[in-house]
Structure formats: structure tokens, C-alpha cells
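Look at the two complexes coming up: chain A is in both, with chain B in one and chain C in the other.
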Partner chain A sequence: MPKRVLLGLLLAGGLTAPALAQEPKTGGVINAVIQPEPPGLMLAQVQNGPVQMVSGNIFEGLLRYSPKLEPLPELAESWSVSEDAKTYTFKLKKGVTWHDGKPFTAADVLFSIEMLKQTHARARSNLVQVDKIETPDDYTVVFTLKQPFGPFLGIFEVGSMPIVPKHLYEGTDWKTNPYNNAPVGTGPFMFKEWQKGSFIRLVKNPNYHEKGKPYLDEIYWQIIPDAAARSVAYETGKVDVLPGGSVENFDVPRLSKLKDTCVTGAGWEFFSPLAWLWLNNRQGPLADKRVRQAIMYAIDRDFAKDVIWNGLGKVATGPSASTIKFYTDDVPKYPYNPAKAKALLKEAGYKGEKIRLLPLAYGETWQRWGEAVKQNLQDVGMNIETIATDVAGGNQKIGDWDYDIAFTYLYQYGDPALGVGRNYVSSNIAKGQVFNNVEGYSNPEIDKLFADGATATPDSKRKEIYDKAQKILVEDVPVAWMLELQFPTITRCKVKNLITTGIGVNDGFKDAWLDK
Partner chain B sequence: MLSFVAQRVVKGVIVLLAIVILNFFLIRLAPGDPAIVMAGEAGASDQVFVKQLREKFGLDKPLPEQLFIYVKGVATLDLGFSFRQQEPVAKLIGERLPATLLLTLTAFAISLMLGILFGTFAARFAGTFLDTGITIFALIFYAMPIFWVALMGILLFSVTVDWLPSFGYETVGANLTGLAHAVDVAKHLIMPAMTLGLFFMATYTRMTRASMLEVKRLDFVKTARAKGLSDAVIQRRHVLRNALLPVVTLAGVHAGTLIGGAVITETVFAWPGIGRLMYDALLQRDYNLLLGVFVTCSVMVLIFNLITDLVYRLVDPRIEYAT
Partner chain C sequence: MKQFWKSMLKSPSGVIGLIILLLAISVAVFGPMLFPNSPWRMVQRPFLPPFTLSTVPLGTDALGRDVFAGMIFGARVSLLVGLVSTLVALVVGVPIGAMAGYFGGKVDDALMRFTEFFQTIPSFALAIVLVAILQPSIYSIVASIAVVSWPPVARLVRGEVLSLRTRDYVQAAVVTGQSNSWIILREILPNALSPVIVLASLMVATAILLESSLAFLGLGDPNLISWGYMVGAGRTVIRQAWWITVFPGVAILISVLGLNLIGEGLNDALNPRLSREGR
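Entry: the complex of A and B
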């Protein structure tokens, strides 16, 4: 007899409680910035930040996640896990309709998963442990796993598994389907208009399945390619919401001081962006662990946080951000200590060989950070050459392992099995690709720990495994962890309840309202 | 004249073909693979996914075959499919071209009119305080980078005095029609068009001034003066008209440069034109879209050059339609 763990309704009650404390007002239009312009809005086919930020209002997933990463109901109203942790049963919400009026059923979920397996690399790897999916009735979906998979309940948010309408896509060429540019979802807002290069307009879904929501009438996503111009647009009152990363960091303090402006770093708990330096473990001085450790000691990460990131974020302690599951800070520490760095370099026999540093071409903040790191490393006697490149060129170099040190930041998706292990296990070393184990670190013990960690039960066992993995990695320094990034969301204070989950503005504006 | 135009069109087609082939290889020489860019944005990059993307966009085929497919497409006016935006390139360019034409042609008109006007005054009052003033004014705008003028314009006219909008083509959500809409677009157009126009105005001012001073010394001007013509008529009908030839040549050459300037101007002012489309396509290595924009710009430059040749004839009747 499976043990039923009905969490959904309970958590739904918990989420709405703070919203009720302040009576939401309906109506109004929000102007938000989207940067860069999304290449499309069909989230099942194109996955990047801007696509999710807009489409997260149009499409929905089975679940959302609280800031503490507990699952919350969305298209699934409840779920249960069998005692052997291999069967997950989702009960879908009844009475949900697509924006064209057709009912949403379990068949849509099944179809979406088939599509995502072909079009969504992350979904495909998340679903690798699934043995079969059944839909005993229109409102039940049962996933049976090959073996227990700890993070399974963490793969159902809208960006990881968007649910798409079967009736509009089945039997069509997905790539050229006209609904790709006029998407139809079940979400709180409906697609209305997209003037390429200018704006995307979404309007309220009057038949939304959560009664009374959404509160806003319309959202305009303004497309402004220049960072300074985005700051001005906020300053002159033309936009009300600057989602994280919309403006350069040095503009944040100035904009924060403007009248009626509220700033929050919340809403990134699910993604937990962690910045680090790829260190090419294969060749040259960086193949020596002591040189890699020296780099950790040489870099003043507090300076980076306080000056370059204006005090936002947190110095990283290791491969996991402190916001994701099974994080531990019980790991070796690398405080800023140039003397120790110099000693380690000497011990490793470093003789001033040239080391190529690739900054990240994501704008001024990253450029400055590249300069600061170069300075830190030069101060301890390293011979650093900066290679200037754009994002595409940089990715190519990193994918071809043609670098020594390279900046990056990656999302962690709440669980080490989803967003941490991929960068350190040796099965993920593959030339020509990025964001895998491009540093070339190979340690059979780490491979085993991450493999065990994904399938172990219960959570206490998983924690034990990941604690050990974190300690080994921090000792070995396969990459140099820098900061847990925080991208501040800047809004007019009249915009209420914009961020209610751990996915933040990437999860839609359904709870947001305007205090006019 | 018709045979002249026909011959120029044939030459233009050959030039266009050369541009397509050259750019096709040039773009692919730049490091960066569109499939990796897209896979990277998806937050995951496994071999299957990258291979799938390459197959989907035909990037797995040998280069000569890709070129053949592309040239065949261009010959039938099919500019291909944008990898990234998942739409036909012609449609994407078609949506953006009117905004770029409006911006560049306005800027072109502003630069030419002001340039010739200021150049004429400077030449007329050469060596005076007015001449020095105009020269300094022109040099300032010639020397300042376009993005800087743009940002200073925004700071002054949008932030400080709040007269003009800082970004966009129209007021989003205002749903204006008719004259109100035209006025709204014009308000949005002033700053980008002036920013782009002032840079080119400076060169026309300098060119007109130098050219007029040159022509003024020629014998036929003395003859005209000896005939007793008024100074205004001499300046307008004899000096200016002859002095304009190099300005027209320069304007023809600038037609292409204007598009280059438009990339920066459109980016700073969020003007939804093809300059920005080109910039985004470049960053994303969206080969087909980038090539499509190049082809469009090349066609525009060829048309501008043809117009320049025809205008020569109008300015100077002595010029034959030599081929």
C-alpha cells in the first residue's frame, strides 16, 4: 500500500495567505523590460532566459517552487510518491482550459513530454530515469521510474517542463507551426501582439483557472537593447519593472535611490546562478592542483562582491550555492591570501608560463570583473593574457578546450543532481560542447558520489553523499568558485507581489497587482 | 538612359553575387557555432542536441553545398530561414526595413540639407567669425562618437528637460492613429535621426565649403561677375551647382555608411530597424539572417549609387551617361 503524501493543497493554502493579508486590487498595466529580445515564445522549443520570462506568463508547468524550493501546485493540484520512491502520481486540476477554449487534460501532458524529449535538452536529461508514463484517466498522470531519483519533484516548473497544447501541435511540423509565434497556453496571460524590435503585449486570461487571478489587465514587455537606455527608461517612468540583469550593476545603487523604487534580490532561489572560473585541468600549470588552489587564494572575492557587484550576492564556498538542497559550508576555505597563493605557486614550480583568461562578454560588469581577476592573479606573479571575444566566440573556445581560465555562471536548478553534478562528472566530458565538464576534471570517486546521490533515498542519505562530494571538490578545485550571484529586480513600489516563488519573475506575473 | 540603367543593373547583380559569396565565407570564418550558442542558451548542451540543431539548419552539409543552396535561394528571392528566430529571413527583414528606411532617409535628408546650407554660409563668409563657428560646430559632431552623442542627447532631452522620448518607434500602448500617430512617430524620430544626421552633416558642411571656395576662384565665376550678375545668383546658380558634384559623390558613398551608423543609433534608441537585427544576428551567429541583412544593405547601396549617377546628370548636364 503506497504511502500517500498529499502536499499540494496544503502548500497552496500557505502561498495565498500573505497575498490575502494585503487585499490585491485588480486592473492596470505593467511595463517591464525584456533583454535581449526573445528569439521566439514557444518555450518547449526555445529555452533561454528572456523566452521563459515572457512565456512563463503564457505557459505553465505542473508545479511551481517556493523560495525554499518546496513544490507548489500549478497544473497539478496534488501529487503523491510511492513508498519505494519509484512511482509519482499527479492529479491534474480540473476545469483548466487552453487560451483557445479547449480543455486541458492528461493527454496534453503526455504529448508535451514526447515533444520535450526531442526539443529540450535539459528536460530530456531530467527524464532519463523515467521508465513509463501512464494516464489512467483525463486528470491523472503516473510516472514510473527505473530507480528512485531524488530530485524528481524538482523538474516540473514551467521552464523545465512547459505543458503545450496537443490539439495545436500534434501531427504538425513543430518548427514551423504558426502557433510558435502566437503561443497558446493555459497561463494567466494570453499572447496578444509582438512588434519585433519594439514590444510584446500580453493580456489577462479572463478564464484563468485560479479564481480572481491574474490581477493585471496587460503586460507590455519593452525591448530596449542598450543598458544605459534601459536605466533611462526606468528613470523617466516609461517602465515599471526592471527584472534582474536588466541594467548594469553600477546603475543599481542610483536607480534604487529613486523615489518610490523597491529593490529585491529574491526570486532566484530555484536557478541559484553561481559564477566561477573554468580552469583547464588538462594542460599547463593549471593541471597542478596547487596552482588551482593558489588561484582561489589569489582572488579577492569580497572585493568583487562589494565593488563590482555593489554588495549583491554572496562569496561562494564551493560547487553548490547556499540556496540549493544539500548545501554544506563544512568544506576547506579559501580566504583572500596572496602570500599563501605565492607560496603554493612556488611549491608547484610555476615559472611564469602564459595563462589565457577569457572574460565573459555579457557587458560592462563582467568586463570589469575580468580586469579585477587579472590584476589579482598578476599580483601573485601569474602571467595573464586576456583574450577578447564575444559570447559565441568564447563558447567555441571553451567547448574546444582552447583556454586556460574562463568566466562563466550557470543555473543550479535547486538540486545538485540537476545543476551541479553535470559540471564535474567525467561522463560529461565531451569536446565541442559547453556547460558540461569543460574543465576536464576526472575523479572516479566524484563520479560515484554523484551517481549515488541522484538515486539514494531518503534525503538524509543524499545529504551525506553530497556533503562528501562537496568536500572533495573544494579540496581539488576543478574550477574556481566566485560568487553566488544575485540579480536585483527593481520595481516601482506600487507593483506588489511580483515575486512570490523561488522562480521569481521567470514564473509569470499571476500574483502581481498594482496599488494605484 | 535606359540602356545605361540596364547595364548598371547587370553590373549590380554581379557585384551582389560577389558580395553573397564573399560574406558567406567571411561569416563562417568568425569563431562561434550557432548550434552551440543556442544549445548554451538552453542551459544544456548534449551531443544529441547540438547534432540535432546542426541537422535542422543544414549546418552539417559541406560548405560548397550550403553555399549552392543559399545562392539558389537568393536567386529566387528566398533569403532562407533564421535559425534562431525560426522565421523566414525575408519576413524578419520586411518587418524591420521600413523603420530603418525612415530613420536613414530622414537622417540623410537632414545631413544633406544642413550640410549644404552651413557649407554655403561658411564659404560665403569664409574667414569670418561665422565661418569659424560653423567649422567648429561641424568638427565637434564629426569627432564625437555616435553612441556618445546619442547618450548625451537622451540625458539632455529625455532626462533633464523631458521633451523627447528616449527610446522606441512610437508610444507603446497609446493606440494612436492618423495625424496623432504621425506626430508621435516624429517625436520618437527626432533624436535618432539628428544623432545619425549630425555626424554626416559635418562632412557635407566641410565638403561644400571647400568645394565652393575652389569653384569661386574659377574663370567662369569672374566672367559671371563681369556680366554684372548679382552675388546671390552667382553663388546659387554658378558656384553652388558646380560645387555640389563632389558632395553628391560623397552622399552616394555614404548611403552604405549610413546603415553602419544606424546599427549603433538603433541600438541606443531601441529603434526597431534592420541595423539592430544585424547586430543581434551577428552575436548569435545567425548566418542566414546576417547574410540576408547584408544582401538587403548591398541592394540599397547599389540603388543609392545608381541614383547618384542619375543625379550627376541633373546637377551637371555636361555629363553623359557614359558606361
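Entry: the complex of A and C
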């Protein structure tokens, strides 16, 4: 029955091989920027980006994922799937202890899932297909699904399913538990102190379950609210690691050229942030498919990539980022072609009706992008009015469907069933929410394809289904896909092995070491 | 009137100020005719330094937009906001001040407490809050600048009216049974006008600065280019491309300076004591 028992072990061996090429050195302190200051560190209860980034060192998930999104062992050392793809058995690693010395067992996993179902919206929807969870012994967890769920092995990353200590949380009020402020996990680093507005300090876990790791003694997460000051902090040597998105894009080329500086776009494969324009399919000119296609032709996306994002990222071809599973580029293409856009607008009978554009209030880069897109659309004769707003105001407008075009970017979580379908299926049209099908696209065929895709087996069948879905969506242009974003991580070159998985910096610094 | 121009032209600062203002106004009025293209259009490669291409004499910004065209179109927004918001502030401030000064007593108390209410709030903070609440647009910006700049007008007019209303010719008008509005409009205000005009010229300058500061903070009208917006957008890349911020910054400096010089010239020309003594 078990068919993938050894897979995990094999992959683990493969991962450590490159590290052996250069012997890691032990010791040292790393200063990294965390932006913005996280609202808390209890990963099971708050999941903002900065929370994941810091807490990924403290907590662990059952699995990690390689840059190709294959599962790797973490708290689970092996796993198997039954022939009918409905039973998943995880063997947990023995000898793992919490930071307070208590042993980690299957009961903690069971308890974590119980908590996450109440506190973690994405985990809850990831677990919808789970019928029951059993723990035949202290080191075995068995998930039984109601029906096969293709992406199931992709939901065990630390940010999606952090494992929390049962003995510290059971029977307490989770929201007010004192350990929320000094979290206890199984991870390579332990929480030490947090000076609000200044820094968060993590120290090495001497009893970490992977022998010899972590290599670093301490991590200081420096909190610097101003973007320019963060760049300066790197230049002056106050910090050595600038995680993706912590400095403005136009500073990236300058910082990259500094001595002893290494830049990588890796470590975002699991999230695969994809930027697009919400197009309100319900009303006005954008209800016409030809107008939406015209928008795709009118926008110079290569310009956006080269000039606004300094050449980072990739022009999107459709609803899936090229880094996630079942991506296909065998879809209709929309190269920059203003003449074609004009012709389509004419054909659709567009007569200069006013169209409102909501840029994303995430700083300079997004503001400039909004201006460039507006100019592109005006050049083909569209009458665009930019609405200035802040993040909260923009979210409200989008959630209330009170917009025509709006910028956004969303994570895809490696699998179309987790991060793509949610934006296009009609069952996800719900007013008041920002990250669902806010464009109001409704197509029974797409609904069926995404429903089938999630539960179909084997993978070749899923691929067939998602290929078809991508083709239909790209033809219909429910939203205008812009770029697969890349948030470069900038480090001093002496920081080695920082990013080893598809989850990147959020996966913790357990493999990182300093070459002194 | 002739006398006024004569003394105005005698003051060097007034002349320089007038020349600058006329230049700025003609740029704002005629400039866009010479540049039919939108200043938002991306015309050249980004970060092109100034004086390298004759088509974009002042270089391009982070998106490859013409800095010179931006300055020309920006003049229009800056001056328009300055003039219109000052006008609105006068329309609000003058009647309130005049009524407070003329009627005195409870009316005065009520109106002045109301005015002080606005004066106790830091004006720039209030302007930011108003624009943020109303959503940035040219109308909300003009409105918020007017809201923060009328109280000084009201106080100034009240002071003038207070001193004028005890004059004999005003008392005479009261005795002959003229209506209050007639007395305020025909007898008092014309004589209170000269300090108001001087103040107004300085208010235009302040309004331009306020608009620039708002736009600098990202609270400008996103559909209109203005000098403050250009400085704000270029600020973050000042180490790579100084020209994006410097040129519009200089434009703000010169036009505000020009308006201040005019204010000084007006003061010289309209203040009879100063002009008679020839300073």
C-alpha cells in the first residue's frame, strides 16, 4: 500500500548535498530587516507576512517544499499515500523536543489542527476535505479524506500549518495565552526578546533535532520603519539581510552593485505572487469581453517589468504563475499591441465612458505602476480616472465591488486548487471580501473544471483539466494578468545557504551560516 | 489707481515679483499649447539626465516622463490651486471678520471663538486630515487649503473694521440711517482692503506651498501633475536622479519668492505713510 515511504528521505539527502561542497561554519550573529513590525509572533493565530518570516524560525511544519515544490521532511520524517489517494500516513520524527524541553508527539499535531481550524482561515479551507485524523501511536498521524484532494501534500508548510505545543495551550484561552508573546516551538531558533519598535532577538536552539544545526548563534530582526533608512542600514553594515520587499525596487540595482552583495529571486516559488488588475465584469464597458481583451493588449507589461520592477519578475501569461503546478503557456497570448486594442474597443462600441482605476497603496513602485497603466490605457482612447486611496480604503472599495479596474497581487501556494481557483469560481463571489472572486466572473464550465481538478487523480488527469481551465480563462480575460512578481532577497555574500527551499526566508535560517 | 501703479513700479521687489508672476502665469496659460502631449506620457528611457537630448531638455523621471513637460503642466495646477483657494478663503474670511468687527458684542464673541477653533489646530495637520477624509482631488485640496487659511483673514479684517467703525464718516453714515450692509460694503471695507490685498498675495504663496506639501506626501490629485507631486515622486530616487526633484523644487521656490516680492511691493504701494515718506 505505501508507495512513497522513501521519497522523503531521498529528497532530504539530495538537499544537503550542495551544502557539503563547502563545509558550513558554526557561530555568528545575523542582522536582518523585518518590515513592517509584526503584530505578533504566534504563527497559528496571526499570519501576516512579517509574522511568517520571523516565526518560521521558531515553529515548524510537518513538511517543507523544495523550489520545485516537492515535499521535504521536517517534523514528519516520511509519509505515504494509499492507493485510493484518500489516506495519508505521516511518520513523525522521534526525539524532537519543544524549546521548553517537553517531547513533541502526534498529540501536538492533533491539537494544532484543532486550533488552526479556528484561527487560520486558509488552514481551515485546506482541511475541508479531511474526514478524520487518527493517531495510532505517538509518532504516527493518519489523515482520512472524504474524497481525493490533489494538493493535499502541499498544505503542511510552516506558515500554512504551524505545529504548536499542546501542553502550553490546552485548556487555556488561546488568544490571551502568555506564550503568544514568547512563543515556544520546535524550530532551530528560540524566542529571546522583543524590544517593540527596535528589534526581535532569536537565539540558537541547542537541542535542535537536526544534529549540528542551526549554525548561527543569534538572529536580530531589526525594525526600521522608513524604506530609505532600511537601504542605508544595509549600506552602513547595520544589517546583512534584506528580505524580499523590504527596500523599494529602485534601490535594488544600487544595493546589488555594492561590494560583497548577493541578490537572489529564489525562495518565492511556493507563494508565487502574481499581480493582476481586477476588472469589474459586472458593469459598464468592462462587462464586454472585447474591452477586457483590449486592456490586455493596451498595457505594456514588458515596460512594467523592465522599468518599474527593474527587470525583476516575469510577464504573466495567465491565471497561474509559471512556478506552480500544472502551469501551461499553451494559451492565447496578449502581446503589447495598442492598434489591436483600439480596434477591439471600436468593435465593442466603447465611447469614452469613464473608467475608475484603483492603484495599490503599497508605496512608490505600485503608485508608479498605476500611473504607467493609466497612460497605456489612455493612449488607446480609454477615459481613465485614478482614485487615490489608502490600503484600507482600497480594500473596502474592492470588497464592495465599487471599482472598475484595481491593482492587486495574491499568493498562489503552489497548486491551482489552493491559490488559483478561488479567484475565478462563481461560488467564491461574496461581497465584502477582498481576495475571492471580486471581479464577478461566472462561468459554469470553469466552476466544474476547478471542482474536478481538486479531486481528480492521478496528476496527469489534473493537468488535463487545468490546461483546459487556463485556456478558457485567458480567452475570457476575467482579470488582466500583469506580472509574476519577484521580491529579491539581498544579502552580504558571506551569508550562505539562506534560501534552500521554495518557501525561502519564511522557512527559517536553519541551514544558513556565516563565512567569516 | 495710477498712483498705485506708479508706486508699485517704483519698488524694485514689486517689479521683480510682477515679472516672475507674469512669467509663471503665461507658462501656465500658454505652455500646455506648446506641449500637446500629456505630461504623464512615457516618452524616453527612464532616468535620462538633463541637457542630453533637446526633446527632453530637463531629462526624464523614473518612468521616462518628460520633466520639462511636467513642470509646464504643474505650473497650471500650482497657480490655480493657489489663486482659487485664496479666493475661497477671502470669500469666507472677509465677511466673518467684517461682521465680527462691525457688530461687536455677542456676534463678535461667537464668530471669533469659531475662528479660534480653526486657529488652534495646526493648519497643515488639518489640511492633511481633510484631504485624507475627502479623498484627494483638486476640489478637496482647494477646499482644505481654504479651510485652513481663512482665519487670519477674518482676524485681520475684524481688526481693521474695529478701528474704522469709530471713525467720523462711519458714525455719520450710521446717523443718516444707512443700512448696516451698506455701511460695511461701501464705507468700511474699501478702506480696509489694502492690508487684505497684501495678505492675499502672501496667502497665494502659502497655498502653493501647502498644495506642494500635500502632493509631496502623496495627497495630490492623482490625475493632475503638480510640482509638489514631482518632488515627492522623485524624492526617493534623489541619489540616482537629482534633476527630477530639483527642477520642480526650484519652480516652487521661484514662484513663492515672486509672490512674496509682490506682497512687499503691494505693501509699499498701498501703505500711504510708507510711500509718502519714500522709505
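Assume the second predicted complex is superposed on the first by the 511 of 516 C-alpha atoms of A that agree within 3 Å, B and C clash if a C-alpha of one lies under 4 Å from a C-alpha of the other, contacts with A are read in each partner's own complex, and residues count from 1 in each chain.
Throughout what follows, a contact is a pair of C-beta atoms (placed from the backbone, for glycine too) under 8 Å apart; a residue touches a chain by one contact, two chains touch by 3 or more.
No experiment lies behind these values; they were computed from the predicted model shown.
J.: Touch test for A:228: chain B only (first), chain C only (second), both, or neither?
T.: It touches chain B and chain C both.
J.: Should A:367 be classified as contacting the first partner (chain B), the second (chain C), both, or neither?
T.: second
J.: Once chain A of both complexes is superposed, is A:254 in touch with chain B (first), chain C (second), both, or neither?
T.: second
J.: Of the partners chain B and chain C, which touch A:303 in the superposed model: first, second, both, neither?
T.: In the superposition, A:303 touches chain C alone.
J.: What is the contact status of A:457 with respect to chain B (first) and chain C (second): first, second, both, or neither?
T.: After superposition on chain A, A:457 lies in contact with neither partner.
J.: Quick one: classify A:389 as touching chain B (first), chain C (second), both or neither.
T.: Touch status of A:389: both partners.
J.: Check chain A for residues that touch chain B in one structure and chain C in the other, and list them.
T.: Dual-contact residues (chain A): 228, 389-390, 393.
J.: Tell me, which parts of chain C touch chain A in their complex?
T.: So the residues of chain C touching chain A come out as 38, 40-42, 46, 62-64, 132, 135-137, 218-223, 233, 236-237, 239-240.
J.: In their shared complex, at which residues does chain A touch chain C?
T.: 227-228, 248, 250, 254, 303, 307-308, 359, 364, 367-368, 370-372, 374-375, 378-379, 385-390, 393
J.: Per the contact definition, I'd like the list of chain A residues that touch chain B in the complex.
T.: 29, 31, 36-37, 39-40, 42, 45-49, 118, 120-122, 124-125, 175-176, 180-181, 195-199, 201, 218, 220, 222-226, 228-229, 232-233, 235-236, 238, 389-393, 395-397, 399, 410-411, 430, 432-436
J.: Tell me, which parts of chain B touch chain A in their complex?
T.: Within the complex, chain B touches chain A at residues 30-34, 36-50, 52, 56, 84-87, 92, 95-96, 99, 151, 154-155, 158-159, 162, 165-170, 172-173, 267-273, 276-277, 279-280, 283-285.
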